[in-house]
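Chain nomenclature is as follows: A, B, C and D, assigned in order of appearance, with residue numbering initiated at 1 for each chain independently.
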């Protein structure tokens, strides 16, 4: 069951979003009191934009609820790190648990939202974010597959296109999958997409665009779109 | 019953060639560096090592891999910016890799300790890491059958023990220790200190002493510097 | 996010007819008597109740059964010297019983909370309680496939909570509380006291607050007298 | 793997054992430092005969290691009970855990010995101890099935015969089973039997008799016997 509201009507913004603006947009969509896991990399930025009184609790899959900001200087404790192995701090109300309990929490659907990066997302919400499949690349999956399928909602943050201009929102992923039908929203620099994980008519809803018109977006993306 | 050994070397001395060894830690946190380095010293070979990662830098698990003692790694995240010891062996075809999603890795270890013969997990369904595995739809959701990971030995770092082997951990260094301690025939634990029996509150014990076979005190254990990676 | 309710009655007021309710406790220890008796008061009917037992004496779960509110009991040990409320209903054909070995009961509840679709357990293999269930030999041992037990509500008694719902328990009253809290859509907990957030050591939290939806303080909770039985 | 020694040569004792003597005999066979679960009823008596310095740790499946003797008077704490719901005490070095962890400990083979009562035990170690199967009887199993199969060794304590003289050691159980091939020893008032759970030749080894000769025992018991 999704814990987030399905919002509103289509809007167009004037300019593409920078990473910080995108993080702020995601943060604004996280309900007060939610339990959230922020993936490594860009999703981590979201924490900078959560209001201190929002009551949002951060989970880190290496065994903690109530994770605080990165630790610096004397606050660094090698026994207190996040999933990216960066030293972090502990907030009041925190708790620690072992790995089986931590992933049970995730797999059991207790987290409200997980925010992840992606190589590709399909119109049905399939996610590819762990492996390029290139020969010679050493594969490494970590908690990606557990994160993808565990939370009530999985949000993806990514640029809409690759460096060579290919859409990362695709009809079907060509990279190895992380999870099937798991993504409910995609936040990109030029648009926010809402995925109907039940399948629907195969089209993807566009909630808002930034710096492009709906028609320009349609030209960029190889899947049927419709306005929210 | 718990044996308190005088040194890390004594604690791991009987681990034979070809053993399967669970090694605690998530990256550096909770990694039993002194026990692993004692294992480097004993010269044991052909090990199968189960850990979340495949070593960081040149200490602990990385040193064991670098010394060529590890035949196979079962882990979720081998590739890190400082996993050069593993990377070299892997690229040279000198080490086998079984890649397991992190939560399935944890649950498979727990299953071994809990006497569960196998379990259906949603994690990995429809992905390359489920290829060749039995799948089943239960109550409208798709699952993959995963089997337990048992081991001959577990090397675990905890924070404090009492004399009957009850353990507590520190913060996120708890990670794999509690489940690995349950899944090995012989569990060897390095701790910061051992307190007298009765000095630990029974409510706060994380690993009951029944799971602990050997203890060694390493008051100034090495925790490698945390560095970014999954 | 946790809601602290003013009374046990407020806490259970919305439990509808026909709900499946996990109720903590092993016999009297850890039984959330005040929450159950509030449920008697609301008049909710046709409940499916999951508990280790089927009530002791005339309070708590026994009172709920005696009042005719329970359609089905899923438990391991209904028959006790003081289970007359259940015994009467059962003999009169007015209550359904699903009998589950105690460890399978616990593991099925855990599986529900942990997102496990099913698991192979050695317990019960070859016995009448495995009849009709899928069996499988894995690695030379025989197992029975068991499925999760999920619920709409869990009623749990813990000892202490903080304001974000982190819980600790007391001694063997811990029993089913921690797993039941994970396996229900809505978890309602009665505690002896609520301490300010930050006043509970994060290392000793047994149930993290993410599993708790409602708290009610019952400082002088009833624990029925312990009496002999399994 | 069994943690107990397979002892010695056949002996004959002059008189049948009383309950206390039988409990003392079982206690003497529990190795120092063992982790043991004592079932409800007669097996509970074994704890009275464990030497204080034996380092034997008692498990109670409702969530405790390091259980002490029964509590009386002011020591009674309703939150501290054993599997029989009798108030008990806590010894130094105790620990508490939830039910799933407690039964994982049992099912995972971490306990050395479990001592149980029985209605019947078969020559192959099948156990029947939870249900008479009588019509009208309310079935109740509790932890019996987990206890039966969990420990490295399962010992049974029982009288050899029913009130009407039928042997409880049988070729095949007629009562509903608790577990298959799980019992390794049977301690009775007139003999101690060692079961070969691998099957062997189908005969049961008699380690000692009490108050009966081997030949008298053979006449009582409908399974092939041999002396240790």
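Operating definition for what follows: a contact is a pair of C-beta atoms (placed from the backbone, for glycine too) under 8 Å apart; a residue touches a chain by one contact, two chains touch by 3 or more.
From a predicted model like this one, the values you see are computed outputs, not experimental measurements.
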Which neighbours does chain A have in common with chain B?
-> C
Averaged-CA centre spacing for the pair chain D and chain B, given as whole angstrom | 35
Provide the C-alpha centroid distance between chain C and chain D, rounded to the nearest whole angstrom.
-> 29
How big is the gap, in whole Å, between where the Cα atoms of chain A centre and where those of chain D centre?
-> 54
Overlap residues in chain A, where contacts from two or more other chains coincide | 64, 90, 96-97, 104, 106-107, 150
Multi-partner residues of chain B (each touching 2 or more other chains) = 107, 110, 114-116, 121-122, 169-171, 202-203
Chain adjacency by touch: line, ring, star, complete or other shape?
-> other
Check the chains against each other and report every pair that touches.
-> A-B, A-C, B-C, B-D, C-D
Residue positions on chain C within touch of chain D in the complex are 26-30, 52, 76-80, 86-87, 90-91, 97, 99-107, 109-110, 121-129, 142, 169-179, 206, 223-230
In the complex with chain B, residue positions of chain D that touch it = 32-33, 35, 55, 57, 59, 64-66, 90, 92-97, 104-111, 150
Chain C partner, complex, touching residues on chain B are 107, 111, 114-122, 136, 138-139, 141, 143, 147, 168-171, 202-204
How about chain C: which of its residues touch chain A in the complex?
-> 1, 110, 112-116, 162-164, 166, 182, 197-198, 200, 202-203, 205, 208-211
Mind pulling up the chain D residues that touch chain C in the complex?
-> 40, 60-64, 76-87, 90, 96-100, 102-104, 106-107, 126, 131, 136-146, 149-150, 176-180
